[in-house]
Each structure stands twice: as C-alpha cells, then as structure tokens.
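Notes follow the structure.
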C-alpha cells in the first residue's frame, strides 16, 4: 500500500499506517512544533467536529490544530442537537455532509463509526475515538512525546512499555500497542483478569495481572483512566482494591528506575490510577502529551485534508 | 416598492418579495452554488445569531453561509444565557445591539419578533423562523431546490404542490405557499380539520383533508414535520391514525406518478410523516434542500448586509 | 512602577494601575471607538476564554474585542467540560496552558484566581471577575462611559458617585471605587448594614445606609445587581423592604437633579434595583456601558497581549 494513499479517505485506525507512514506524520508534527503558529495550508477547508461523547482535550486539540492550519471548524453540539434526537446516525451524518463540508472529526461510542461514516457520506473522516476500538491520534501523540523525551524514534526500539488499567474498554490501549509495535517497542498489558479482553491480543503483546511483579522491568508506565461505572458493573471489587494492586502510588513510583517515564491520556483523577504527587513529578509526561496533541493533529489534518481539496 | 429597498431593514417575511426580488436572490444563490467557497463580500460584518428555539439545520446553515462570505458570527446560547433569564425580549436584544453588531439572525417562538426587533434596535434582522408565522429562507431554498430539479424557475408555473401535515402550526407552509404563488405554482394544503387553520388562506390556495383523493394530481409532495405534542393537545387521535391517513407510506408513494418529487424541511422522523424508504428514494429532495440552504442564505445575507454596512 | 510593565503578566486588579496607566488605556479605547472595526494588532494570538461562572455581557464583550483585534478565542464551556469534573482548578488551567495558548480571560467565583492562575501557568491572565474581589474591565468601561458623558476624564474630579446595593458581595464596587479615586471622584457606598462589608474601606470612601438622605448630593447613581439568594441568606428581610429603601424608584428618580446619570453593570432586573422607566430614561447610561465594554476590552487585550507575543 502506497503510504500517500493510506489516509486519503480518512484516518480511522493505526492499522492504516506502516512505519514509514507514521514516521512521516511525526516528522511533520515536529516541524509544526517549531514553526510559526499561523499557516494557510488548509485555507478554505471546512471541517465538521462531531463529538457524540464528551471531550475537552481531544476536541480543543483538534480545533486549535485546524484553526492554526487555516481551516474552518463547524461545531455540532451532539447532545442537544436536534440531529441527535430520533434520527439515526446515518441520517445525522448525511445531513451534516449536505452542508458541503470537506470532512469530519468524529468521536463516537460506536466502534467502527468513523470508517462507516466515511463510506456513507463519501467524506474524509478523522477518528477522535470510537468506542473501545481505536484512538489513533492519541497513539501518535504518545509516540511523539516518547520520541521527544528519548531523543529519537529509533530509541523506541526495544523499549518496554507497561499499559496499566482498564485494557478491555480502552481504545487508547489498542491504538498505542499498534503504534509501539511499528517502532519495535515491547508492550506489556497490566490489568486484573476482569479488565483484560477475553481474547488474546496480537502475538507481540504480553499480558499480566501482576503489576508489582513487572515494575522493575518497565521503561514506560502508561496509565489508563478508570471509569467509576466499572464497580457497578462488578468488574472491580472496590476502588480501594484497585488502588492497592494497580494504582501507581508513591510507594510503587519509588521502586521504578529513575529514568522511567509516566504517561496518561487524561483526564487524570489523582488518587485513583496514579498518586497526585507522581503525576506532578518530573518523570510525568502528561503535560507534554497535551501540548504535543496539537502538533500531531495538525500533521494528521494536513495529511488527510491537505491534498485534493475541492473548492 | 423598489425591490432593492425591500430588504434593507431585514428579511422577515416572503411578503417583502415580489417575483423579481425572489428571482434575483435565487439567481445569486445559483452563482454561490457554483462559485468559490471563500468570499470577502461581508468582510468586517458582525452578525449575532439569536436562536431562542432549538435548531441545527437552520442555525448551521446560516453560520456556514455567513462564514463563507467573510462575516463574523457571534453566537448567543439563548437558553443558558443570563440575557434570557428575567429580562424581557426587548432588553435582551437591545443589549446585544449595544455590542455594536451589524444585525441579527433570529429564531423565536413569537410571531412577528424579527420585525419588532428590527424596529426596537434599528438593526437589520433576518428571520430564521418566528412562531407559526414565517420562515422565508426555508421557502426560498425550497424554490431553489425545485427549480434546480425542474431546470428553471419558469417550470414552476402551473406546478401542483401538496403541502401535507400540520398546516395550522407551520411557518414553513405559510412562507412556501407565498413563494409558490409568486411563480405561478398551485398549492393544495392537505391536513385533518384540526390541523388546518380555522380561517381560510389566500384565494390562490386550495385545502382538503383527503390526501388519498388528491395523490394522483400532485407534482410535488411537501411533507411537514409533526410534533408529538399534537396528540397530548387532542389535535390528532393517535399516531397510528395520522399515519393511516396522512403519512407518505410506501403504498401511497407507489401511487404517485414517477416524476413526482418528495420534499421535507427536516428533521424527518421516519415512519411518521413519511416512510424511511420513501425519504431515501431518488425522488426525495431532502438532502438537496439542506445543501441548497447554504447557498440561498448566502444570497439573503449578501442582500441584507452587503450594502450600506457602516464601519 | 513603570506603567508599561504593570500589566505584562495580566490584568487582575485596578490596583495595578496608576492614573497615567488608566488614562492610557481609556485613550486607546477612545481610539478604538472611532476607528475601523477590523484590526490585525493581535494576529496570531490565541486566548482561552475560561468562564467558570455564567456570563453573557462580559464574555461576549471580550470575544468581540479579541476578534476585532485579530486574535483567536478558544472557548471552554467550563460547566460541561470534563476539565471541570474531578480536576482541581490548577489541573484544569495547566491543561489549557498545555494547548499552547498565549493567555486566558478568566471569570471565577474564587477571589484571587486570575493572579494565581498566571503564577501557576506563567501565562498572561485577564480578570473577567473573581469572586467578590475585582472586576477591573468593568471599572474601566464605567470610567470611559462617565468621561464620555461628561466630556473629559478631568471632569471626574470632585464628582459625587453613589454606589448603591449589595456592596459586600460586589467585585464591581471594589474595582469602581479604586478607579474613581484615581481621577479624584468621591464615592459614597449606600447599603443596608447587612450588605456593607464588615471592615471599613479605604479612607477616601464614605458609607451610609440612608439612600434618601444622600440623594440630593449625588452626581451619579450606580446601582448594583441584587441576587435573590440574599433573602434566603437572611441578609435582607424581603424584596419589598429592599425596594422601599434602596431601589431607584420613579419617585426617587424625580428627586435627583436633572443632570444626574444612572448606571448599572447589568443584567438589570427591572423593578428590583431600579424602576424599568428609570432605566429606560435618557439619564441612564446602561446601553452605553455595554457598548463601551468592547472598546475598553480591546484596549486591555492590546495592552496585555500586544507586546512580546512569542510565535
């Protein structure tokens, strides 16, 4: 697959990228990080932002990225919108397509929605998170942030990354393990059995429920957000129990090697997945992740919408 | 009335337009449909969007239109706004006028509000729907869509249009029958007696409660949205009863001549006013209506705000 | 303190300005009031608008001002935002800072928040109202409006201004009395004892609970908004009682000298702090206050963000 064509209908999944394609996007993001803030690369492009699930970081990040490239963003408040009431997803997105936009950035609880929407409407669609499926812009910003800290993308080779928490429901985990594999990093999934997907993952991924047992082996601890409803669903016995075994407490943090870095996609609820002192420590890359999100999304939007835009 | 002056204080009602005035707007919309997307015709113009009733189609359509012309849109979330609480409509709009905007696009449940607001504030006001009174930009986009399908505006002459549904509460119906009359089309209003206005309409309009009886005569079936509260208000006995007599079911659709087109202002609730297969059929112009809304509103905004803008 | 440095980290309090600094801002606002609407003085600047309390006037006013200067505004709907749930204020603002904005306009119920946020993030912060502490842009627009009416800023010297109402909870009163003192005006605070701050104010301010007794001495009556919850809090016995002693009724209005002007920061609840006929009278400057807010905020944003913006 020629990489230049890979994203021509949109960017739904890390599976659309080979190493060369990912490298090209990350190189471009590096360029945007150091370049001027206002560009006219997407002048005249209109992008609809369709967030069916609440989001602040991802939504603002995409909006700032589009605006810096000169594109116009049309926001749909999906919850209060009349489009969302009594209409099917297909009706809703076809109506929005009728306004004549060039494409959409979509967050949805339905796995596969972005690709489906692209097929329905013929428009370019960028995935801002779909159900428990994929969140590819998050994976790219995580790779960017790691390579920035390590000095190069090549340094990712052989890196040992532990992704800790609610793996079963995490689109972030799915996209990130794909991305890490492209660059030769080794992923270990860490979760209680109830939050681990029932079927095994790709052969290049290890899985364990023993966080303490693998602490000493990790170069990166990537913590996932834990949603409160998991208790009501009977998936974890209690928060106390979860914290005791899977939270990155100060005590566990001390047992990590000094050069180990901490990541989290946000929003962090301090005291749950990670201690607030740990998330504020110098080893935490959380703020860098947020900052780099803008640059990476500029690269994604440029790639998807920058060529063949029709006036 | 010289047509160039007709909209100089705003566009509240189809009654402000003669045939020449409507033609001029539709010709301009045609130009925008085929022209470049970014124009600077309204550069420096500031328009407040004041939607006291929920809207997605109309609101987004006006916003996209204004943005493409280079105008700035200032949104007021009228429901949560402190302006709306405890202040009279007059206080609210006078405050907004004080910000120094050039004019407003207003949707309100109060019939006559746009003209009143224009008088209070001295600003140009475009009606985006006022109570059961008028929705003139909708009528113009409907005329545009019909003429696009038929090949010319002249082809509207003698066209038989059935407007079906809740006529009594419909600003869409009022504006559309005015617009159709300008071009010599013949309107038949189709509704149960309880959803037909108590007083007669203009002499050029026919009214019937027998949808099946007039099916064979129609060139256009224009379906109105039916709101659920009509049952609670005792205006229709049940949804089933309504569907049985006034919905454009597949069975009724088959009895239309093949060239008959289906229109609906949206949002469509499939299964109620019209069967979902019918609304998706090639004879349905619903998506074209949404798309053309942007072009027609560009023409309206240019006409209203394009001349005599004061800096 | 060299005035040009006074606002370099933001504008939190009237205390940052000496008379020369305030004059310079007001002169610049006068320039914006008569100049062209679109300027590129802040091209490329990105400002986050963070309103943790509901606002329409102030928020829109800042947004219009920023847009006219060419800056981009990034809105955070603080109430529904995931940033606001379960995150501390510091987490929230540091995340927003991570997006790479140049600064923030902040409204918060926490006194001192703007200065604190500036220290946390290193960003320039403009105060759009913090608790019962300060609302400096309101004070400047009030001074602007008064000087416009009187013909000059020098005419403020010796002017007798009565600020009437809920002084204890009013950031508007605190900022305004500071601003009036810079220009030699004399402030009298008028409130029942329960709505007067327990500790005395600066020596240049008089306080009384006898509105009727000082009516004849005033050149300006500045009415504050009274919030309904003050009754539930036991601070005023009833609305009727308040109106009887502190509302600017028609009867009291007639006892003012003809040249006395009426001001109110809005939103006005007619019949409470002031009679609706009085607020609509020619002596009322309420609409001018709203209009001038845009010009004054242009001057503030230009001063804070116009120099040393880094790309």
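Going in written order, the chains are labelled A, B and C, and every chain counts its residues from 1.
The working rule: a residue touches a chain if its C-beta (ideal position, glycine included) is under 8 Å from a C-beta of that chain, and two chains touch if they have at least 3 such contacts.
This is a predicted model, so every value here is computed, not measured.
Participant: Work out which chains are contact partners of both chain A and chain B.
Facilitator: Touching chain A as well as chain B, we find C.
Participant: Just send me the rotation angle from a CA overlay of chain B on chain C, rounded to the nearest 5 degrees.
Facilitator: Superposing chain B on chain C takes a rotation of 120 degrees, nearest 5.
Participant: Compute the distance, rounded to whole Å, between the mean C-alpha positions of chain A and chain C.
Facilitator: Centre separation, chain A to chain C: 41 Å.
Participant: Scan chain A for residues touching two or more other chains and write them down.
Facilitator: none
Participant: Within their complex, state which residues of chain C touch chain B.
Facilitator: Going by the criterion above, the answer is residues 36-38, 54-57, 60-61, 63-64, 67, 266-270, 287-288, 290-291, 293-294.
Participant: List the residues on chain A that touch chain B in their complex, please.
Facilitator: On the chain A side, the touching residues are 43-44, 46, 72, 74, 76, 80-83, 85-88, 91, 94-96, 98-100, 311.
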